[in-house]
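Structures follow.
Both complexes shown next keep chain A, but they swap its partner, so chain B is in the first and chain C is in the second.
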Partner chain A sequence: MSEMVPDYITPAVRAVIGAVSPPQLATHPVEPSEIRRFHQAVMDHAPRYWDEAAAARYGGVVAPMGFPVHAHRRAEDQEDPLAAMDRPDFDGVDRALRPGLPEVVVPLKRLMNGGYEYELFRHARPGERIVLRSRYADIYQRNGRTGPIVFVVIEDSYETETGERLLLSVNTMILR
Partner chain B sequence: MLKVETREPPVRFFEDFREGQDLPSVTRGPMLVGHQVRWAGACDNYESEFHHDEYIAKAQGLPGIILSGPLMASWLLTIVKDWMGRDARLVRFADQNRGSTMPRDLAHFHGKVKRTYEDAGRAYIELECSITNQRGEVTTPGSALVEMPRRGAGA
Partner chain C sequence: MDGTAGAIFDDVEIGQDIPTLVKGPMTTAHIMRWSAAMENWHRIHYDWKYATEHDKLPDVMVNGSWKQHVMIQLLSDWVGDTGWAWKVGFQFRGMNVPGDTLTAWGRVTGKQERGAWGVVDLDIGLRDQKGNEGTPGTARVVLPRRGGPPVPYPFDPAVLG
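Entry: the complex of A and B
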């Protein structure tokens, strides 16, 4: 028995394809303490992250290459994401997938990270403030055996404040 | 207490690799909720309750808490960096979160040299890499492109 599969790529969803965020300046410059927490979390114990002598060939201590993707922190006055759980209409999924981008209004309940493609230019350094620009490159639906799946392809550009490129990322988020 | 070994990976050269070569597999785990919590803290990202609350994970249809895909990708990126040596330059990296990693799972990291080539005087290695679990399921297939130093080319 076949069932009608809803088309989640509505005009409202189609309208956000191509949306570009304003530049999102990281809340604070890259800090040695957060570099430490990050390299410990990813179990990368190379001394280039804290030892000036080991980092001399980079011109000083650096952050792990993938760090910029995870460097945007909540500002002091920004809404507490955990407080969203108190909203009666909140279903547990935040569909504004990047700061400065509109929601992808697809009422599927599970949000998963499908993976990344990185183009890497250089390490971020302590004291640099990372600027993120994001774009919904594509949003499309596939109907699999387990039901409809909506893919949201997001291009993210990470630069320094002076416009030096650190990392480009293509991230596929999945709603199902 | 055992100290963590903190050292840069040794320098490796383009000439040290050949197409089809398997890179030394690395195993991490068993995974703990603590690994996930530490990652959430490092990223200041607590928005997905299913990464730390088993009740909510199960309510969303998951078998339990799952570790973050970007954490697994970041571990894979770290292993690629260590395989290719101190002076390699990572140009591209990609991963897919194909299967879940859960607390108490093992993560085996595998790599193979897919292609070695030169372009405009620079030497590159393309890798296939992946994470498999203790059941042999590929949870995180990936790939990387790395620019390598040449032996005898000077610092």
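Entry: the complex of A and C
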């Protein structure tokens, strides 16, 4: 007899499938030094990120293509996420996996990034504020050898404030 | 010229390997630099005790959020400022830890003319120094044809017809 495997896709979890965030405006415009820190940390030194002449095709220097995925930072008046670090089980990541989406409440403590599917249209530029709309496209459970695994599939759309599309993303997060 | 000239569709052959992109050896400092720049507070990237005892991982982890941009750079380096990396997808199946040297690679699996341009499909991946493939994926890029117009920017798939 196999042991009973708990079903973590409870009515409360099922209720957030399909949840859509209101448009989330990035706290700050894209800043040149944020672009610099990003491309230096990736170790991608393409001149389009810092040399106006080399970036003529784009109308001036641009952020790396994936920059918008990280543009939604903590606002000045938001709670300090490090305030919860004294909880030994807190891993540092909010279970509302995107701003404006509800938490996915399952009692699984380990979070891993499962991967991305991107469609890319345009780089963000300094001075632009990025708008994010997110949706829990699906949440489902698979029972692996090591126990239950919950997959959270998130669709994200990134645009400029004037509605020019930057990129679309489908991200799978894994709780186990 | 302005920017970097990338691959030309006419020169691409199915089965061809595109230039690899090597990162590393990765260290805890590289992980910290990325995590701090992104304000990513996930403990598995900087808290060794938490990573190994709570999450039962072999070490602190190289960020998946960082690896995704390496995969995008692999393609943007190849298509330069004349083509466009249109679609990129991959799964994080393997873990990477400090000490790993990562090689991003791509191999052409298909090509077709679309409008005035060419579309090229690739398998892509990120391999560690032991040959482990941790990030399998696929990509689709748009390239100019020799003597043809550049790929329009911003990119709109509708131009391909």
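Remarks
Heads up, the rule we're going with is that the second predicted complex is superposed on the first by the 167 of 176 C-alpha atoms of A that agree within 3 Å, B and C clash if a C-alpha of one lies under 4 Å from a C-alpha of the other, contacts with A are read in each partner's own complex, and residues count from 1 in each chain.
Just so we're on the same page, a contact is a pair of C-beta atoms (placed from the backbone, for glycine too) under 8 Å apart; a residue touches a chain by one contact, two chains touch by 3 or more.
Because the structure is predicted, anything quoted here is derived from the model rather than measured.
When both complexes are superposed on chain A, chain B and chain C occupy overlapping space and clash.
In the superposed model, A:70 lies in contact with both chain B and chain C. In the superposed three-chain model, the partner touching more residues of chain A is C, compared with the other of chain B and chain C. With both structures placed on the common chain, the touch criterion links A:42 to chain B and to chain C. Shared interface residues of chain A (contacting chain B in one complex, chain C in the other): 34, 37-38, 40-44, 46-48, 54, 57, 64-66, 69-70, 73-74, 81-82, 85, 92, 109-120.
By the touch criterion stated above, chain A contacts chain B in their complex at residues 34, 37-38, 40-48, 54, 57, 64-66, 69-70, 73-74, 81-82, 85, 92, 94, 109-120. For chain C in complex with chain A, the residues that touch the partner chain are 2-4, 23, 30, 33-34, 37-44, 50, 54-55, 64-66, 68-70, 72-73, 76-77, 81-82, 84-92, 135, 137, 150, 153-156. Those residues of chain A that touch chain C in the complex are listed here as 34, 37-38, 40-44, 46-48, 53-58, 64-66, 69-70, 73-74, 81-82, 85, 88-93, 109-122, 164-165, 172. Considering their complex, residues 4-9, 28, 35, 38-39, 41-49, 56, 60-61, 68-71, 73-75, 77-78, 81, 87, 90-97, 140 of chain B touch chain A.
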